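Heads up, the thing below is written out as structure tokens.
First chain written, first letter: the chains are A, B, C, D and E, and each begins at residue 1.
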Amino acid sequence: AKVKIGFVNSITGPEAPIGENLTNGVTLALEDLKKKGIDVELVKEDDTGKPEKSMAAFEKMATRDRVAGIVGPYSSKCANAIAKLAEKYKTPLLIPVASKEEITRQNLKWTFRLSATTYDYATILLDMATSLGRPKTIAIINENTDFGTSGAKSAKDYAGKKGIRVVAEEAYAPGSPDYRSTLTKIKSKKPDLVFMVSYVADAILLMRQSREIGITPQAFLGAGAGFATVSFAKEKAISSNVFSSTQWTGDVNWPGAKEFNKRYITKFGKEPTYHAATAYESMMIMAETAAKAGGNREKIRSELKSGKWNGIMGEVKFADYEGYTNQNKHQMLVEQIQNGVHQTVYPPKYVSKKPVYPFPGWK
Amino acid sequence: MLTIDKLNFSYGDLKVLWDINLEVHEGEIVTVVGANGAGKSTTLKNISRLVKPTSGSITFQGEDIEKLESHQVVERGIVQVPEGRKIFPEMTVLENLRMGSYIKSARKAREANVERVFGMFPRLKEREKQLGGTMSGGEQQMLAIARGLMANPKLLLMDEPSLGLSPLFVKIIFEIIQEINRQGVTILLVEQNVFQSLKIAHRAYVLETGRVVLTGEGNDLLSNEHVKKAFLGM
Amino acid sequence: MTIFLQSLISGILIGGVYALIGIGLTIIFGVMRVINFAHGDLLMVGMYGTFYLFTLFNIDPFISIVITMPLMFLYGGFLQKVFINRILGSLPQNQILLTIGMGLIMSNGIMLAFTSDYKILSTDYSSSSFDILGISISTPLLISFAITAGITAVLYWFLLKTDTGQAIRATAQDREAAQLMGINVKRMSIIAFGLGASLAGTAGALISPTYYIFPQVGSTFTLKAFVITVLGGMGSIVGATLGGILIGVAESIGGVYFGSGWKEVVVFVLFLLVLLFKPSGLMGKSNT
Amino acid sequence: MKPLLKNTTGIGALPAIAGLLVVVLLFLFPRFVENTYALHIMILIFISIVMGSSWNLLGGYTGQYSVGHSAYFGMGAYTTMMLMQFRQVPPWLGIWCGMVAALVVALIIGSICFRLRGPYFVLASIAVAEIFRVSALNLKNVTNGAEGILTTEIPPLKIGGTLITDFSSKVPFYYAGLVFVLLVILVTWLLQNSKLGYYFQAIREDQDAAHSLGISLTFYKNVALSLSAVLTSLAGSLYAVYVGFIDPSTVLALDLSVQIVLICIIGGIGTIFGPVIGALVLVPLSEALRSNMIGESLINSGIVKADSAFGSFLTENLSHAHVLIYGVLVVVVILFMPDGVLGFAKALAARKRKEAV
Amino acid sequence: MAILEIKHVSKFFGGLSANSDVSFEIQHGMIMGLIGPNGAGKTTLFNCITGYYPPSKGDVVFDGRSMHGLQPDKVCKLGMARTWQKVRPLANMSVVDNVMVGALCRTGSLKNARDMAMEQLKVVGLEHRSGFLAGGLPIGERKKLEVARVLATQPKLLLLDEVMGGLNPAESEDIIQLILAIKGLGITQMVIEHDMKTIMRISDRIVVLNSGEKLAEGSPQEIVSNPDVVAAYLGSE
């Protein structure tokens, strides 16, 4: 069968580094779909990370290209802008990884989300920490972006519920070469947990400088993004024993996850991030559903709504709960870097290695 | 020494020089007079190659300067003291002078030349460290002339050197011009001070709306009826 | 107290690298009156150069500046000759846009060539540091600070004491007059832009071991470079040095006492305050 | 220097009629065009024209090259959105508040930046705009910080009980944009033919000379900035309500300020229609590049096979290269059309005319 | 009554005193010549009078009103206009537009301003250039434009800084006639000029500055025969 699917992503612009993972995930999905006899005609659009551009892309795909359904966009701000368009054009939209809660809290019938929400990034980490030790205080460092601020907010919120006191809150502008003074300040507060939300590169800087300054909490907790990347893990001197929440790991025992990991490495010469996996799975779900529904958008929507999948992202189901509409209740994972490798350490059901807790100190 | 042959030039669509022919012999003071906008400064700019002629040729000591860039013209020994002074405003007086002797051939004599021009213009010595841009109009004019002399020119182009100078200084300037000419520097002088400049000039050209209309010896032109009427207001 | 001293010291050290970026920009502005919006992108190119010299040939970043510096000089000279020279006489806003366009070309060209992945250059000293009185001092930053100081001193001497240096300044102040002095102004512009680019590239090389590299990394630094140059007084090397260190310290201390999120505000407010009281910057000469 | 005779007396009859015709056609446009994608692009063009023309008043006529206009754009966007989202004030009232807010900000910025001249002014304007961006990021309680503001619903516009529009389609935004465009063009035209316009240009040409001719620099620069800021805020408000989501990195970014300047300069600075041309060139161009229409049409027309090496290069790589190409085009325009597209066209026309004579 | 009173004006640049304790008065309708060697402080005095520099000491009283703290635009509005030693045309505007900018100081209507401007252009003899861009004019015409532009502001007192510099005697004659015509209109003028013949012809009184100080003041005849002036400025024949 032949289907036409749209894919909006940040191919250029400041979000491009992560956007690339999504592109790669989709590329693999297309290969697999072909094997399954589904010939996807992909309409790929760049939103350059700007909402009005993602709108233009959506308009074009929905009206001019007449795609059956759309996967993307990468960032929450773009997803925010186009979720309503999906409703207007009655075009199914499946969001792979943008995690802002509000997106699926607007009672939109045509917008589906595979990704967990920002809130989940924080809670799983604190759940783990409290199950392994007795942390009393927490310092929160986050980058001053959408994902960063909402992540920090969730952490603060959930820490309150867990009886952990917040002793420091620092929101920094990404891209600064020097966090030493901030870290010195945090060190003086002697927190049990250091919770960080940072994109790729700042994660490395923060940990390097934490080591210089000599911060030693019970655990370093990284909420996704930067801490879950391979380049971070490779920096053994600073990445050892850091925890990170993630939507997916290369060694999780969800069907096909390990194979996906391997194929990705052979094809692109680097390890996939969870963004790649979510994009892959979203494209698989969208294309298969669309093929089954013969490209009929209304039918795709109801199929998405009622369907159930079990693939590299584990079980997927778009449900309505707690104010959410069409939101997959995705199981978050926690991984820890041990010897330069991400190991799934929480929840117990998916564990591949035992967690090291508390932090044993710097080498 | 310098030969201008059938020089034509326009600023965009506006033609300002028409078939200019002009010659300067070694050791002469040649002056060019003409009403405002006649094209005197433009002629000098063509010689210094700040602008490129539409047609015609300029040769200096037998060399066609067509292929040269401005700075190479200076290296050949043609130095201009431009209209409007063009001092380097954020450099001190001394630094301005040093820049005057930027070309290789002039660097050796730099210190001596600084002393020489300080001798001519004591005000400059007093203000050695003042920024060029804050000097008064006349002071800047002195600096511009002094800076031109720093390069040991063979041919000195001077565009209205007496502009803005007090009477006392105008006199001094004309004396200086004659003095350096005696020292062997050839001079092409553009002046509004027609009387003075014709008096010291060996030969002169009269420019009107971009054309050479008269040429002759300085003193002859002084008594020329047309010159008297048009430029001397007599 | 430790916190204050720590932020002061790390501010100064980072400020050294900022200074280098600022000096490059100030030279370009000084001579060509061009506000170079591609300055950060030049820095980025320098970073990529350093990165590949390190990963492919195993040349230490601090040593590789011997290669990056001249290469970036040539690159800058090339840009000047081919692009900027054509618009020197035109309106200032055109120059701004030309450099913006050049920046776009550089960052997106690099992205096509090397993907938009973050690259991290890890040396064995990348996170090494030593302690003095409880204040940790990063070794690589200290080294780069020393190198910066050296380069600055040499440059200062060059611009103020040599004929070429003075000719560069003269060109900046009046191109036509400079031509009349026998100065080859085109060459001076090429030297100036080359120097600027080479300093930006060197700054890129110096922060590579402690920072990260991706195609859009330049924009942060472009903005910083602007602030530094204006703060110090456009065209002034001493000013840019001072400005760089001041910004480094302001960021660092501002971050601690006002919260990390506000540190940029602290910097910009400082910037505006200086301009209000000294409109031509700390070291600027006013001639209006 | 070109000794050009400048025509400042009114407009000829022919262009006036042509202009009117264009306006009428633009008003009828949504009736004929079903394609909402085209409408979307038109709206973006309108917003760009408003931004560019507003900047033109300050940059083009008064010679103050602000590269911080995102501050006013953001001010409009934020005020309107915050009022709508947090205070239930409908946007057609919010827009006015946005204008007032932009005015206030302009007066503050003006009092700081106008002490500076030339490049110092340029950079100070950037700095001030950055202060606004970072503040919006940090003042979470007011602006919702980096998370931005998402509108859920726009209240329907009713006049005396009759529903004018419920904003469910693009058409109301289209008309709002069109009206704003006509407004800025009108303002520019009025300005060019008034004392104010002369004073602005005098300041652009030589501040000291202007000052000595009885022109208060502070006053008139601030007037120019205020006008410019207020009109820019219109673009911001429209953008915010139309897109339905704003955050500091979209409506207060340096990127945006640069975009504003770009529109003006590509079109032609200091002329009424320069920014219009600029927007008409830039917006469709960047959209065509972004969505890879060139590669697509090459493939669709059969000139290049989709599965050939060149075809896959077009579909794969070109989509990554569009910003690069955009950059190249910007450079080319600046190098070869220093007076913008409009200036270039005029020069070309003048040459043609001369040849014909 | 004096239209302008300069009272003990001093202006220091760092250690340098460009004007020191200069005092004199200008009476209605006269032409005051201001001369002095280069760097004597003439332009600086103009700048102090018209509000470009606040005087370091002293005050300027125009028409009975202290100019203290007034910006140049206010000064112009009050009826005191100056030209620049280094001319400042509004280069990308046409000649008539340049003059209109001046005229707009007194009227809000473009039409009136245009009429007034054309009138002034006729006065200085530039009407044939009215449509040209001012940036393309040669120096002499720029100077005339400068005068036309300030005349258009309808000043009571006109300060002319070397408007004849760079003009040949024949052209200067035009300007001299212009200045005399302006005097005929009842406009008071203060004129800086280096050409003694001219200054002698047009001035009713002359003030001589030297090294920032007032060296002498008097009628043209008094001035040329003043030995101090001869020594400092004219040089003996």
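Everything that follows uses one rule, which is that a contact is a pair of C-beta atoms (placed from the backbone, for glycine too) under 8 Å apart; a residue touches a chain by one contact, two chains touch by 3 or more.
Just so we're clear, the structure is a prediction, and the values are computed from it rather than from any experiment.
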| item | value |
| --- | --- |
| Topological distance between subunit B and subunit E, in contact steps | 1 |
| Joint neighbours of subunit D and subunit B, given as chain labels | C, E |
| Centroid-based (C-alpha) most distant chain relative to subunit C | E |
| Of C-D and A-D, pair with higher C-beta contact tally | C-D |
| Distance from subunit E to subunit D - Cα centre to Cα centre, in angstrom | 44 |
| Between subunit C and subunit A, distance of the C-alpha-averaged centres to the nearest whole Å | 35 |
| Distance from subunit B to subunit A - Cα centre to Cα centre, in angstrom | 74 |
| Distance between the centres, which are taken as Cα means, of subunit C and subunit B, whole angstrom | 42 |
| Residues of subunit D engaged with two or more neighbouring chains | 1-3, 134, 137-138, 320, 323 |
| Set of subunit B residues in contact with two or more other chains | 11, 14, 134 |
| Where subunit E touches two or more other chains, by residue | 136 |
| Subunit B to subunit C touching residues, read off their complex | 48, 50, 69-71, 74-75, 79-80, 82, 86-91, 95, 98-100, 102-103, 107, 131, 133-134, 147, 151 |
| Complex interface listing, subunit D residues touching subunit C | 59, 65, 67, 112, 115-120, 122-124, 126-128, 130-131, 134-135, 137-138, 254, 258, 261-262, 265-266, 269, 317, 320-321, 323-324, 326-331, 334-335, 338 |
| Touch list for subunit C against partner subunit D, complex | 29, 33, 35, 37, 83, 86-87, 90-94, 96-98, 100-105, 108-109, 111-112, 219, 223, 226-227, 229-230, 234, 259, 261-262, 264-265, 268-269, 271-272, 275-276, 279-281, 288 |
| In the complex with subunit D, residue positions of subunit A that touch it | 11-13, 44-46, 48, 50-53, 55-57, 59-60, 63-64, 77, 80-81, 84, 88-89, 100, 102, 106, 144-146, 148-150, 171, 173 |
| In the complex, subunit C residues that touch subunit A | 2-3, 6-7, 10-11, 14, 17, 108, 111, 115-118, 120, 122, 126-129, 136, 138, 207, 210-212, 214-217, 220, 248, 251-253, 255-256, 259-261, 263-264 |
